[in-house]
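Going in written order, the chains are labelled A, B, C and D, and every chain counts its residues from 1.
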Amino acid sequence: MAEMDPQHTKWVMVIDLDRCNGCGACVTACAMENNVAFTGEEENAYGRGMHWLRIVRYWVGEWPNVQVRFMPMLCQQCSNAPCEPVCPVFATMHSEAQELNIQVYNRCIGTRYCANNCPYIARTFNWFDYEWPEPLNFHLNPDVTVRRRGIMEKCTFCIQRIRAAEEEARMEGRPVRDGEVQPACAQACPTEAIVFGNWQDPNSKVRELAESQRGFRFLEELGTEPKVIYLSSQKHEF
Amino acid sequence: MQETTLPAELHERVEELREEHLLLDPRPREEMNRMVLEAMEDVNREYIIVMTILGLVTAVTLFGAWGYLMSKGLGLAGIRRPIYWGLFIVSFVFWIGISHAGTFVSAILRVFKAEFRRPFTRAAELMTTFALAGAGLYPLIHLGRTWRFYWMIPYPNQRWLWPNFRSPLVWDFLAINTYLLGSTMYLFLPLIPDLAMARDKSKGWRKVLYTILSFGWRGTEEEWRHLQKAIQIFAWAIIPVMFSVHTIVSWDFAVAMKLGWHSTIFGPYFIVGAILSGISAVGFILYMIRISVKNMRYFIRPEHFDALGKLLLIISMGWAYFFFNEFLLEWYGGEHTVQEILRYYTTGDMAPVWWTMVICNILIPWLVLWNKNWRRKPWVMALMGIIVNIGMYAERYVIVVGALSRNRIPFDWGWYKPSLVEISIALGTFTLFFFLYGLASRLIPLIPVWEVEEGHHAHGLKRIGKGVVKTVAELE
Amino acid sequence: MSQEQRLTRRDVLKLAGLGGAVAAVLSGCGPTAKYVRRQPYYDMPEYARPGASVYFATTCRECPAGCGLVVRTVEGRAIKIEGNPNHPVNKGATCARGQAALETLYNPDRAKGPTRQGKPITWDEAITALADLLQNTPPESMAFLLGLAPDHLAELVYEITQALGAPPPLRVGALAFMEARNTLAGAAERVFGTKALPTFDIADADLVLSFGANFMETWLSPVYYGKAYGAMRRGRPGRRGILVHFEPRMSMTAANADLWLPIKPGTEGLVAQALGYLVAEAMGREPGEGLFQVDPAQIAQQAEVSLEKLEKVARYIANEAEKVVAIPGGVALGQSNGFAIAQAVLSLNALFQELGKETGVFFTPPVNGEAPLAPATLADIQDLIGRMQAGKVKVLFVHGVNPVYEFPPSWGFAEALKKVGTVVSFASFVDETAAQAHLHLPDHTFLESWGYQRVQVGADRETLSAFQPVVVPVFDTKATADVLLAAVQQVGGALAEAVPYKNEVEFIQKKVAALRERTDGIYAHPHPQVFWNLFLQHGGWWTEQSQKELARGSVLNVQVGEADFDQGDLYLVVFPHPILAEGASANNPWLQETPDPTTTVMWNTWVEVHPETAARLGLQNDDVVEIASPYGAIQAVVYVYPGIRPDTLAVPMGQGHTALGRWARGRGANPLALLGPEANGASDPAFARVRVRVRRLGTRRQLARKENVVGVYGDGRYEPVEAKAESGMKE
Amino acid sequence: MYGGYQGRYAPKTFVALYHEPDDAARAIDVLREIGIEDRFIQVQSGVPYRAEFLGRPERPSGVPKYAMVGAFVGFLAALGLYYGTPLLYPIRVGGKPLLAVPPSFIVLFELTMLGMLIATFLGVFVESLLPPVFGKRVYHPEVSDGAIAVFFQVPAHLAERVKQALAATGPSEIAPAEGTFL
């Protein structure tokens, strides 16, 4: 722990696809934590859901040996994020302290270039001003900006939680403890498929899990250096 | 002119040549001035009706729809995840392409001393300016928060934030601004003598207007010298700017990590496409001017359509070459997603658009334009202008929407359907273009009279044996 | 600042001492301060500092599982629901439905206050009216219908009915009978000798055989099973548990299986017995001593399943697996022979024990031995409906269930309801039943309520999970227990003496008083107020040590026989929607917006059709079809689904509301309309026995899917259809 | 031009109007023979004529200098923007260096060209002293009808002699020229 630099963290998520059962708790938890708007049936039918996190489902094989694979897909917080350099106004940028890919809502002017350039299709756009009819708006998280129309948004790794934990740790003069920060998805996940932690911490759970031979990064051949590590699901074959 | 020295038996041939070539058919400058001024002052009822309709339609379909779009959000457009760019960007690229017409005609043809350009340089340059005005709207229209567009401008601000010069959109912004300013100035410089002419010949508000706009031009030697030098510099300098503009527009796509876009050939491919659509649009516009503006049959003749037709054929071949290159090499690459994209283009949902592109840009021009008689028919060239531009619009649609519809995650593929608001705005820029053009046709001399007169000076006839040919003297 | 922050974080609950926010919660919860109030900034409760979060432990009531929650509140508003990490059931996790429960709390379509015949009344009038009903109605013509949660209300109502001499309350709910709780408990009694809902300990199983049990979706205690599933897969280094699932359609649970065998509906029991036979054979038992007298080859043929695959599974069990668990559930128990199937599958566990394997069935011990009131059987319900039909029920009280929506129309509840003199609904929403009620006295939602839930499944110890209000009531609602007690007091006399509680909190405090004497709890304190505070602070009471005792059973050689089916072309699987379940929270927009795991459909009802069947019937994705059974017909949108038997259709529950609110009403269809009134042998409905005909209506309606049809199925072309095509299916 | 001369020596400006460049060239020769220097002669024409056509001295245009200065200024502005502004508020994007050379060429090119074009444009006006805000200028409106107007300044007492000499070159008009505001 001693070698950890409290000023510099590198947050990493490990998603064990063998544990993930696709239940969707993370999807809802994410929406509730981050004030993600719901858009209704017609908009969703037209591909305009605001889900920051979606569970990509693949069909494998032919009847009757059909199988399903679930893969939660969210912003991969790439180290070499393709979305960042294309933004004309620095609305999406890299936070050097947390090594996160940040979306600055106030700066965004809505060119949507970042979304086109994201190989993970992880970004969503506020097509309209979405509403939470009173009193539904009471549950909006005061730590997270409610986005208005015309701007991009995406998974933030629950940066509000990271920041809170970091400040607390800084005040106590210690590094952030492993497991102290949990994004909403990891916290809700019933199967503990999602594990979150600081890569700089050599004893962290994510480091341990990432060493697994099942580990891979999605589309890593593109050189984006994603910070979400998937552990592949290896089904037993009968 | 030497025709007096020609034998009488060649008289018929000389008449033929004269009818054919504007520059062999001189008329006194006063008369040409009068003709041009007459055309400008010809504000008749039809014109007013057409302009009112165009103006109202533009106000509603473009600005009305845009205002509605801004007040409700971009969701009114048909774009969706993952097709974040739609008709707006298609139209943007299209109009940028059209804007290449003027520069091509007045800069490249000027540099290469292609004499047939003389009567319609201005008509083409006006297209550049107004097409850029239309094109320049789209980056604003397509913004989620249009009212924050100025954040792209590099200026010191209280946010301490400068634009990101690594973003192709900032390159775009710079290139389009350079091009818009450059081509407007380039339109204006040769216009000054003509405005001075109009100043001398008109009365009332026009006199005031032209007095202001002509900046006290008198046609002194110094003025001409500086003007011609400047035009020369512009002609050379604006060509690379023009190339850079469409190259950078193509880089919006080519630098992206998006299969179907990520292609090194996009720069020249886009430029050739732009010139193709620009040149063909010139044909259409000349036809419109010829039929709808007074006295223009004198200035715009079949020879001009013929020349444009030849250019068009060559450029269509050039476009086909790049198109083939792009397609073949992508296909040979064998990348899985790219294969799917190409399949989607050729046989998928995008096929009607894709085949429209191939037919309009290659098949029809190649079948029609080899024939001189067809090339010389203004209406044929006008039709070609429409057809090729449909093809080029289709090309941009395929590239923007088609490539975005397919990505590396099949789960997140998409389809796209332009919404009414989008279509309305796209049509609105067409009416805006024609509206501005119509306005300009009555406000500024559409024909650069001094350039035509210069051409008259430069052209002559020469007898060689029993024949007679056109000769050109190099005056510049 | 850091002091509060540290202490208000979630892990505060791990702290044994009382500090910061916890102390604040304690001081805030005296008898005089029943509710945490939302206050203006100049007069905030001391713990509610602007910007600082306060966390309250409570329990989820979206389904009866009883998961512990910690709700984050800021300035008197509930902001986020998190799992209670110390709770024995869910250990910190939550499901999608629990996450979206804030939208139940803050739903704009909640009932805003008491009404009589749709007209607003005051609570005093309401209580007077209720007292009048209690006083002037013959006790035998009263009826109480309650949901499976909360338990404290059921117990209070039970006491009231006892005091009145009225019939005891019936606890009912669509989810309860889709889970076939009585069947499961009945079979458990026969095989393991305990009449309770068994919990299957899959966390350290090597192989899990699931016969239709959709245990990862909504079944009994999904979060517990989710936790256990994750542990089974990757919780133990070097050992990865395997899931084999038998079900006609690929449910989400099946989707996670290593091997999914789409057996013919109704053959689950036979397959279980065949598998038992094969395992026994593989372990060297002679057929003669084989405990199931079956012919595996013939069963495989009958179930349309590969014998080879069954043998491979059997060999794996025999040779590789040490701990094997067989789970009956879901659609298997809804067959006409569901009770036999349940026994056969549970017997498989017993057989494995006999063969020397470890199995994992245990029962959550009831707190202090007090079991919660069991759900009503189908016979009970039909008896009630019969009495209603005959006009013998003068007053019907309904709480926690929406029978007009949740009972199949073929049971005739809606018609019978019209014969009831006075219907009193306590629903928080104006649901289908409340819309027909004469008196609507809306209860709080659970995040505004007191109470407790007795955990029946998932906990390995005695667990009483507590509710406490995390915010002040949003609307002019009143706790049903308080309303009933107030009415009882107004009636006075013997009744008030028999039910001597001042209010709900006092009732609960009395009920938990006995726990003060327990020393094996996670905390203990003799003083009532301190104990009560600890109870709320921890979100309930449970024992420190695990009381897990794996049950030993005896093999029953039941005659499973063939399942009966109604007339029709295709089998129908009606299943609780993995996200919406039975649909009581269908008005929570984010629940609607959460994609179904396997189809990714949101906001509507779909019908899963095998591609071959679709081709045979000329159906395409997004076609609207009519599905007709002998009992009724619904319209749904076709989803061509690769993971379903060609002879089977499947329709999720949860939609088709005609009331409840703007996001639920007029959306999709309720497949319960297709079900009949037959029972499954244990007096749970045989919902799987129905067969249907399907007919294309010629209209199309685009399903809202997260997936892209073209990309996923590769059929190249996708014709977008107008989302507004179907008039009847939209608001 | 003849500041200080009064009375009969005061300069007077005349205009001789021609329709053929040949005539105008001859007229300029005549004027030069009379002794009027090139700097007291000004030709206005409706189309540009090269200096050699009319026998006028060749003088280079100053506009290219403007172009070069403009280009340089544009280039400097681009350098400042591209390499300067990221240092004011360093923001890392896409794992790319703060200052990268290849994309800078685009910005450098565009702004260089922009500076050059604007300067060229302005150069025309500055060099030609347009617009005429500093006073009246001589002009003949027939210039725009293609006439070549030869303006010359002579002391008043020489005016008649010059007029007579020019008559032989066939001007359509010789008249005193008054400065006007244009």
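Points to keep in mind about this one:
Definition applied: contacts are C-beta pairs under 8 Å (C-beta built on N, C-alpha and C of every residue); 3 or more make two chains touch, one makes a residue touch a chain.
Please read these numbers as outputs of a predicted model, since none were measured by experiment.
When C-beta pairs in contact are tallied for every pair of chains, the largest tally goes to A-C. Nearest to the global CA centroid, when each chain is reduced to the mean of its CA atoms, is chain A. With respect to chain C, maximal separation of chain centres occurs for D (centres as means of Cα atoms).
Centroids built from CA atoms put chain B at 45 Å from chain A.
Computed centre separation for the pair chain C/chain D is 90 angstrom, with centres defined by C-alpha atoms. The distance from the centre of chain A to the centre of chain C, each centre being the mean of the chain's C-alpha atoms, comes to 30 Å.
Rounded to a whole number, the gap between the C-alpha centres of chain B and chain C is 67 angstrom.
Annotation for chain A: residues touching 2 or more other chains are 43, 46-47, 49, 56-58, 82, 85, 87, 90. Among the residues of chain B, those in touch with two or more other chains are 161, 164, 166, 170, 409, 411-412, 414.
Residues of chain D in contact with two or more other chains: 91, 93-94, 96. Chain-to-chain contact here is organised irregularly, matching neither a line nor a ring nor a star, and falling short of all pairs touching. Within the complex formed with chain A, the chain C residues making contact are 1-2, 5-6, 9, 51, 74-75, 77-83, 90, 92-100, 102-103, 105-108, 216-217, 222-223, 225-227, 229-231, 233-234, 240, 242, 244, 250, 252-253, 255-256, 258-262, 309, 312-313, 316, 474, 578-579, 589-598, 600, 602-604, 610-612, 642-643, 646, 667, 702-708, 712-713, 723-724.
Residue ranges of chain D in contact with chain B, taken from their complex: 42-51, 56, 59, 61-64, 67, 81-82, 85-86, 88-89, 91, 93-94, 96, 100, 103-104, 106-107, 109-111, 113-114, 116-118, 120-121, 123-125, 127-128, 130-132, 137, 139, 141, 143-146, 182. Across the complex, chain A meets chain C through its residues 16, 18-19, 21-25, 27-29, 31-33, 38-47, 49, 51, 54-59, 63-64, 66-68, 70, 133-142, 164, 168, 171-172, 184, 187-193, 231, 234-238. Those residues of chain A whose C-beta lies close enough to touch chain B in the complex are 43, 46-49, 56-58, 73, 82, 85-90, 107-113, 115-117, 119-121, 124-129, 149-152, 219, 222, 224.
In the complex of the two chains, the chain B residues touching chain A come out as 72-75, 79-82, 84-85, 142-146, 148-149, 151-152, 159, 161, 163-164, 166-170, 173, 252, 255-258, 404, 407-409, 411-412, 414.
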